[in-house]
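Order as written gives the chain letters A, B, C and D; numbering starts at 1 within each chain.
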Amino acid sequence: MMKQQIPRLIVLVFGSFLLFQFFVPHESSEWIYEFLLDWNIIIGVFALAVGIWSLFNVHVEKIKIRKFGWKYSYVTVIGFVGMVTFGLTAQNGQEWGWFFPFLAAVVLTVLMIVQAGASKGNALLFLGAAAFFALAAAVIAWLDTTWSFYFQTAVPLQSFMFRRMFDNVLVSLHATMFSLLAFFIASAAYRAFRARNVMASLLLIAALVVMSRFNPYLEPIFGEQVSRLSNWLMNVPNLAAQRAVIMGVGLGMVATALKVVLGIERNYMGKG
Amino acid sequence: MSRLAVVVFVLICAAFALSWAVRAGVTGGDHALREAFLVTLSAFMTLAIMSFMYRDNPYYKFAEHLFVGISAAYWMCVGFWSTIVGNLVPRISENLSEFFKVPYSGGGLDFDLFFLPYRYFYMIPIVLGILLLMRLVPKAGWLSRWPLAFIVGTFAGLNLIRYLQSDFVNQISATFVPLFVEWHGFGDFIGQLSLAADGQFVAMMTNLIIFLGVLCGLIYFFFSKEHTGWFGGASRLGIWILMITFGASFGYTVMGRISLLVGRLTFLFRDWLGIMS
Amino acid sequence: MGNLGIIIALALIGGGLLWLLIRAIRGKEVNRRLIFVFILVSVAAPILFTITFEMKPTPIVQALYDKIENLPEGSKVLLSFDFDPPMAPEVQPMADVVSRHVLAKKHKAIFMTLWATGQAQFNITLEEVIRRDFPEARDGVDYVDLGYKAGNEGVLNVIRTDFKKMFPTDVNTVPWDSLPILNGVRSCSDFDLIISLGGGKPGVKEWVLFVGDPTRVPTAGGVAAVVAPMLYPYYPGQMCGLLGGIKGAAEYENYFRDNHPRYAGMTTPAMLMMGPQTVAHVVILAFIVIGNVLYFVTRRKEVKR
Amino acid sequence: MRHKLKLVLVLVLCAWTTAAAQTDTVLIDPVSAAPVLPPPLPVTNLQAQDTDNDHGHAITLTWEKSADDGAGRNSVLAYEIFRWFPFQMDVVDALRKSVSETRDAVRAFRIDLPRAEHALRELREDPGKLRTLRFNVARPDDSTFQLTADYAIRALEDTIAFIREHGPILKNRIKPLQQDLEKALAELPQAYADYPRDGEWRSLGKALVGSTSYTNTGAKESTDKDFIPDYTDLYYRVEAITVDESIRSEAVTVGPVQSRGQWFHAGRVPVLGFVLMFFVFTLTFVQMAKKGANLYVRPLSGIEAVDDAIGRATEMGRPILYLLGLGDATQVSTIASFSVLGRVAKRVAEYQTSIIVPCYDPVVMAVAQEVVKSSYLDAGRSDDYKQESVFFVTNYQFAYVAAVNGIMLRERPATNIYMGKFMAESLLLAETGTLAGSIQIAGTDEIAQIPFFIVACDYTLIGEELYAASAYLGREPVLLGSLKAQDWAKVVIMAVALIGMLGTALGWPAFAQLLQVTG
């Protein structure tokens, strides 16, 4: 009962409320609506914790069972701890003081904890070490005034290390990963755009037309017609198909959402 | 680790050390070393990921795992600042928001709801959040279904209605295109029948095609009727139109993807190697 | 030197493709990695030795241009930077040129972002465009940056009815009421034009669905090429203009520069990017052709057997 | 035709009046010209009522144009709208201002104090730090002034002392100010009721010439500027003004009028209609299905592939990779994907092969764990379920992709299933999967990504098919019933579209207007 009925009830109540709220412009309904949205934001905060926990579990597990490529899990852990440290501290002045020893101590603390989790048997040893490093970190944090923790203002998000790690590591990794698409799109086009049957041919032709349109050099060769044709493709069949798909998807969404609210579809909610 | 791997590793280290030194020399000024290092680092990351195009290798693995760690941390920090500090704190308590130095959005005057200051009701989501944490406790894991149900439920209701309006009613009424564009009787129509792109005939054809296209597309998505006879024909037409569209949008996308590669290569050539203006 | 380089590079690519074509006729598949190499060269060469062309705007780009051009001076325009550095090569040029246009027409520009990463992107525009081309523009009077708020569509749902609730202060924690530019702005309905620049989610589509439609405020967008086709159905009914991918940006840059001589010297990243585009497109087209040749050859062989 | 005539007439009139004005001003000097332009006639039939379909705090004024607007003397430039404000509003505004200002000051102090102290410490240690000081000290306003270390130290000391002294005082001042504000607000209704005593008319703005309505929308929070209280008598006044602001028609006053929020949004009736339609369809067909009406569904190759794919994985002894996409648990496509995951996981459990579900969002992960667990339970193999098989990777698009690509190349899954919301990464994933030689089945409602899946995957569910998938796999009559409902909804759409189309074609737009959603 507690495991099944109550969640179903919650879904029904809040779902149908937000459904009908849409038709009630009155202040009070508006207010409750915004209030509920806030609730979701707040719950999201706790989801964060769940996520991080899972992340650590996975890697501890990997290290524990010496899974293929387990050594790299340390990289992940170190990267994570380091970045978090940057995200919560900031320099007060220009010089660094004992910041990097502190960083090392923190990282080592966490690594020791991970080891303790992963090790079979001598976990206590690692925990001891963790405690030691934690103490060291605490001492440095206490004595060193060149930098400090900023829980109050978002200063650390602008802090030097955080920004630099973001700009030089995160962004370049992200952007590069993204840019791989340029290669993949080519190989995919080569492999898949073959006139095997009507549909494949249509796919192929449309792609060819549109691609050759973005191409000032081909303009004189294919002439005005191609770009006109590709415009037509974009404005007529594309419009029709997009509209059909959008409607279909909208339909599917509405149906699914309705099933959820009515409790017909509850596969997303565990049983037992 | 094979001998070859070691050699390669050493060579790569040497290459990047060199580029670091050169870069530092070129930039000059104070912090030259640091800046040069950062650029070199990000160049290394770039190449490490690109090496994936050849095959999976230790450098890619390194970059990948670092990426996961750092990104998770980034997401956590931003989440902490923007969600906890930015959204939760200002709503629940004035003192806390004074501590966190964020404007207290409960407003100077809050009103009562069921005889309680309404901000107390923010305790409900907090409790739900704690229930979510119950996942970590094997015994009480099922409690976490309540918050999940809440999230799913509220947004099911919300999306239901929003999509119904925008993806549905609006799209339908958008299909109400006039079949007879500036219609002045049939004779007139025959009189000035032309294939000019902006002509009346073309405009009417366009509208007609769009309309039929939408219908056929919808027919293709019928699940509970056999696609045979005229119905099958229509649905085939529908999927053809879909395919044309997909081909077109594939072609359209190539452009964007190449821009991204351009971006990366520009970085390598200009900021790292400095071989272009 | 530049020309020589480009000629050599093009010759290399052309020769290589020809060779591959011959192999294809002989019925040999092309190695995946070879394709990658070709793409790399065809993109790298035009970057190192630049090429650019003139181009004229397509109607949907023109529409946005005219919209901004024809708004009465001092109208309030909301620009949302909903993209991140990886998308920047495509979207940043649009963001720059559109912001430049808005400020050049002396409109009030209100900047915000739905992406945590958008703030950094705006700072680039701030440095490269606003501070450089419009030194006279005052923060808080002619433009303001409201910064980032978490919550994706949630934010949109709130600001549709009550902007201040989500953005009590601007990014420099200047309280809302002491920002003259925001006088009379209570909800999204008080803007004359909303432009979302982005390629992901939340992005232009969300702006149209959650804000543009309900409030009936003209909404336009600048998006990465990948989402552009998906947004066509919303034009012109629910959107009043769209820049699709780097070509859209290039067209806009070109048109803007030609019609605003004052900014003749402005940087045109998008137009520069059309060179690699062109070559790479040709190469991919060539590969598709090769692929089909190969397909037919092999099929003929099978038929023979 | 008649409109044309009217237009011409109006134009002629305008021309004539302006011409007349010209000659006048030419004849005599502008100072005495003022009285020449007589005040325009006032607006007529001024009405004020609460704005419809809103949350209150707004009043809409309507009137009939002044006789001199576009016609007559054609001297009207705009209409200026006034509202009667009790002076009490000023009291409220002043209090509100001081409350917020005090707050800001206190916050600023709290931020500045530690920085100032640190800066002071630094300077005391080493005056050379003056260059890199992270605190801009107050300095006299003259260009010749040179900042010296000990001046800065003194300034900092002053600042700190000031903050230490005034910070608490200000902080204690906030509460009483707030109480005053509350009191002032409490007296507001009375002040409004006292019309026309203790108040004055204030301009709200101008409506352009030719316009016949104006909406005065106010804030709903009583703590906001331009807050309009609901259920309070308000009084409005409209004057027609001319080029010369001082020459204006006599004011027309209207009131009392009260603003209030509505409980139903009349403009959204069509949406409501569709919602009800859906309710009815879904419920009917679900009932029919329960009664056991046989429901045909056409085959979907992508769905049928799933079973073979799982079988293949079992033979090869390799795992199955299931991706829920980038959507969070609030997105419908993700919910649909959950139910597909449920079916797949059940089969996986039955075949006793293994499944890997890397997640992008912690909440999604939580749900997915529940789903997989309960599927194993259904299959009667709850002890085979490993919690680690459903794990969180990171909430950062391409980091997630990088990790998943790694998994594909190292675990070499026999089958990759992508269901849900996918963004730019779709092609990255699908191509890598092809390299790894896996069978790939994709389904997404992200139209922009469908092409890539079609190109790189073996089977692709297009748009709505994703939402049908779980019904197909489950074969539960209830879900099949809802499929039927969707189809009927499509029929309705087509019918409506057709009628609307013909309606517009045959110049009968009424029907199209039925579907107009306003606001």
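Just so it is clear, a contact is a pair of C-beta atoms (placed from the backbone, for glycine too) under 8 Å apart; a residue touches a chain by one contact, two chains touch by 3 or more.
This is a predicted model, so every value here is computed, not measured.
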{"item": "Closest chain to global C-alpha mean, per-chain Cα centroids", "value": "B"}
{"item": "Pair of chains with maximal C-beta contact number", "value": "A-B"}
{"item": "Separation of chain A from chain D, taking each centre as the mean of its C-alpha atoms, in whole Å", "value": "22"}
{"item": "Distance from chain D to chain C - Cα centre to Cα centre, in angstrom", "value": "22"}
{"item": "Between chain B and chain C, centroid-to-centroid distance (C-alpha), Å", "value": "15"}
{"item": "Where chain A touches two or more other chains at once, by residue number", "value": "19, 22, 30, 40-41, 44, 47-48, 50-51, 55, 69, 152-153, 166-167, 170-171, 173-175, 177-183, 185, 187, 189, 191, 193, 203-204, 207-208, 211, 214, 234-235, 238-239, 242-243, 245-249, 251, 253-254, 256-258, 260, 268-270"}
{"item": "For chain B, residues that touch 2 or more chains besides their own", "value": "49, 52-53, 61, 63-64, 67-68, 70-72, 74, 78-79, 83, 87, 101, 103, 132, 135, 145, 148, 151-152, 154-156, 158-168, 170-172, 174-175, 211, 214, 218, 221, 242, 245-250, 252-255, 257-258, 260-261, 263"}
{"item": "Residues of chain C whose C-beta touches two or more other chains", "value": "32, 36, 39, 43, 86-88, 150-151, 157, 161-162, 165, 175, 199, 224, 226, 229-230, 233, 247, 277, 280-281, 284"}
{"item": "Contact graph of the chains (line, ring, star, complete, other)", "value": "complete"}
{"item": "Parts of chain D lying in touch with chain C, wherever the complex brings them together", "value": "55, 97, 100, 104, 217, 219-220, 224-225, 326, 397-398, 421, 423-424, 435, 447-448, 519"}
{"item": "Chain A - residues contacting chain D, complex", "value": "19, 22-28, 30, 40, 44, 47-48, 50-51, 54-55, 57-58, 61, 68-69, 92-94, 145, 152-153, 170, 173-174, 177-178, 180-181, 184-185, 187-189, 191-193, 203, 242, 245-249, 251-260, 262, 264-265, 267-272"}
{"item": "Sites on chain C touched by chain B in the complex", "value": "33, 36, 39, 43-44, 47-48, 86-90, 116, 148-151, 157, 165, 168-169, 173, 175, 199, 208-210, 213, 224-226, 228-230, 233, 237-238, 244-247, 273, 276-277, 280-281, 284"}
{"item": "Contacting residues of chain C [partner chain A, same complex]", "value": "30, 32, 35-36, 38-40, 43, 53, 55, 58, 84-88, 120, 150-151, 154, 157-158, 161-162, 165, 229-230, 232-233, 247, 274, 277-278, 280-285, 287-288, 290-292, 294-295"}
{"item": "Touching residues on chain A, where the partner in the complex is chain B", "value": "2-3, 6-8, 10-19, 21-22, 35-36, 38-53, 55, 69, 72-73, 75-84, 87-88, 151-154, 156-157, 162, 164-183, 185, 189, 198-199, 202-211, 213-214, 228, 230, 233-251, 253-254, 256-258, 260-261, 268-270"}
